[in-house]
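I have placed the structure first, in the form of structure tokens, so that the comments after it can refer back to it.
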Amino acid sequence: MTTLEGRQDDVSLSELKKKMADFAKERDWDQFHSPRNLLLALVGEVGELSEIFQWKGEVPRGLPGWEDEEKQHLGEELSDVLLYLVRLSDICGVDLGKAVLRKLEINATKYPVKLSKGSSKKLNQIINNSLPPPTSTTTTNSDSSSSNIKDGGSHDGV
Amino acid sequence: MTTLEGRQDDVSLSELKKKMADFAKERDWDQFHSPRNLLLALVGEVGELSEIFQWKGEVPRGLPGWEDEEKQHLGEELSDVLLYLVRLSDICGVDLGKAVLRKLEINATKYPVKLSKGSSKKLNQIINNSLPPPTSTTTTNSDSSSSNIKDGGSHDGV
Amino acid sequence: MTTLEGRQDDVSLSELKKKMADFAKERDWDQFHSPRNLLLALVGEVGELSEIFQWKGEVPRGLPGWEDEEKQHLGEELSDVLLYLVRLSDICGVDLGKAVLRKLEINATKYPVKLSKGSSKKLNQIINNSLPPPTSTTTTNSDSSSSNIKDGGSHDGV
Amino acid sequence: MTTLEGRQDDVSLSELKKKMADFAKERDWDQFHSPRNLLLALVGEVGELSEIFQWKGEVPRGLPGWEDEEKQHLGEELSDVLLYLVRLSDICGVDLGKAVLRKLEINATKYPVKLSKGSSKKLNQIINNSLPPPTSTTTTNSDSSSSNIKDGGSHDGV
């Protein structure tokens, strides 16, 4: 992302918001863009995103072995979710850029590096988590200190 | 967004991607961030977003009458969805900024202003839509040409 | 459902479970029916269900004005969600019939008729609800005691 | 399910429908149970269901190693999805028992045993599938006849 080309592909949340607003206005689609209409459209796109992964079993990072066509389809579904999310935020009067930067700060406070990195027990103690801690079913490890899959069970938004 | 303050609140997709990658690395959370783990976490956040709207009936744009605390909560859930979406894209090797700009171009081609704005029938003819066209149940209009709620039934990503 | 015909259309959860198990076995599809595969397939079907409602604005009970074709499509999507839910439960070793009857008892205890019916304030007091209480944005009522849309904000599973 | 006790735990869709209708009526909750309210509540419960599985990686059938408390929690979330689904169907005027039996017949016609069981290529030829066929990324097999993970990419509702 340091090359000129890379920078051209980057886009900010407020730029996306404006593009979506212009797109809807040009087509007289504002009438359909109520909060709950957009929310249900978002859910529909999340469903399409899930369908891409549904019969695959566990998928490694980077999606080795996926065909180009399938990767491109994935990019489109990820984009559809993003576009509805940006539009929903705008219609609700939520500044998504501001909100997400604030949420990152909240998360950093909620999951301090020292506590989150070390023993999973310490982390679980500081998290008010209504769900029972997940038990690792895929890894077996005699070393109890390595059972920090539990760390992952509680954090959200990250 | 033209003031200095406004600009500070804006953020690009590649900046978010980097923030999320750093956050996970600092906490040794990369091990939990597989594609399907992140996808299910995203679905979980979409569920929390939906819960905010679930008992409200139709909600007007701008959310008039919502309390500040509730709006703030909404901003957090929207952000959680965004953060997992950005992270999922990164882990899958999808350049989300590039993909979303490309998707906007696809949508502009798919829904040309002239056809999308006028009669709903013309739009429906050019769209390969597997769903039956939605029937407007909330608006009653004696002018049949104004039943262009049907326009909304097919477009996606916008 | 008191006629012979009506009774023929009814089906129990254990009957559905058996039908799904037989269906998968006959086609050698057990290999695809892992818990998370089925869960993502369920999410996909919920997305398709949401698409039916996404551009409609508020929809009245009984779906007046919907065309037969659209209602039939709705029945198919509701069924797809149900079938994956039944199959997911079976594959996880959860007796869904037993679990749902137990959940109904839990809900009856959690939301006693007397407290849930009267003032919304009483209900809110007995519910440990992490979400802010929803504000009615669709109904306006001068009588403050009638704002029991708040009752709905907390209950789940019912 | 052959013991008396087992039979007591089974329940039919029409029985569940009646239980839900009575529950809502007793609490004056019919006013909250509009189609889109119930749909969003369903999405919320699917989110909670997903959260149970989100950090686990692939989970084997039968959930070996899960603690009783976690299994019970899973049963409750599966039940919540079912209860909202039954209620949503009822409020929409859809006979879910009838619809699901009809959908099973549709699926049996759509995926005939002979074609679905044998070569995956034959199956893919008869299925009108908008998604690219999934590529197995988790199993490597020199025996081409075992690549029938592709079979799973297209079937729905089963």
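A few remarks follow.
In order of appearance the chains are A, B, C and D, and numbering begins at 1 in each one.
Note that in this section contacts are C-beta pairs under 8 Å (C-beta built on N, C-alpha and C of every residue); 3 or more make two chains touch, one makes a residue touch a chain.
Only a predicted model underlies this, so the values are computations on that prediction, with no experimental measurement involved.
Chain B maps onto chain D through a rotation of 180°, based on Cα atoms and reported in steps of 5.
Averaging Cα coordinates per chain places chain A and chain C 25 Å apart.
Chain C and chain D have Cα centroids separated by 12 Å. In chain C, the residues that reach two or more other chains under the touch definition are 32, 34, 36-37, 39-41, 43-46, 50-51, 53, 55-60, 63, 149, 152. Taken pairwise by the contact criterion, the protein chains are fully connected, each one touching every other.
Residue ranges of chain D in contact with chain A, taken from their complex: 36, 39-40, 43, 51-52, 55-60, 63-67, 69-70, 73, 131-132, 134-139, 149, 152-153. Chain B makes touch with chain D in their complex at residues 32, 34, 36-37, 40-41, 43-48, 50-51, 53-58, 130.
Here chain D touches chain C in the complex through residues 1, 9-14, 16, 19-20, 23-24, 26-29, 31-37, 39, 41-46, 49-50, 53, 56, 58-63, 71, 74-76, 78-85, 87-89, 91-104, 106-108, 111, 113, 116-117, 148-149, 151-152, 155-158, going by the rule given at the top.
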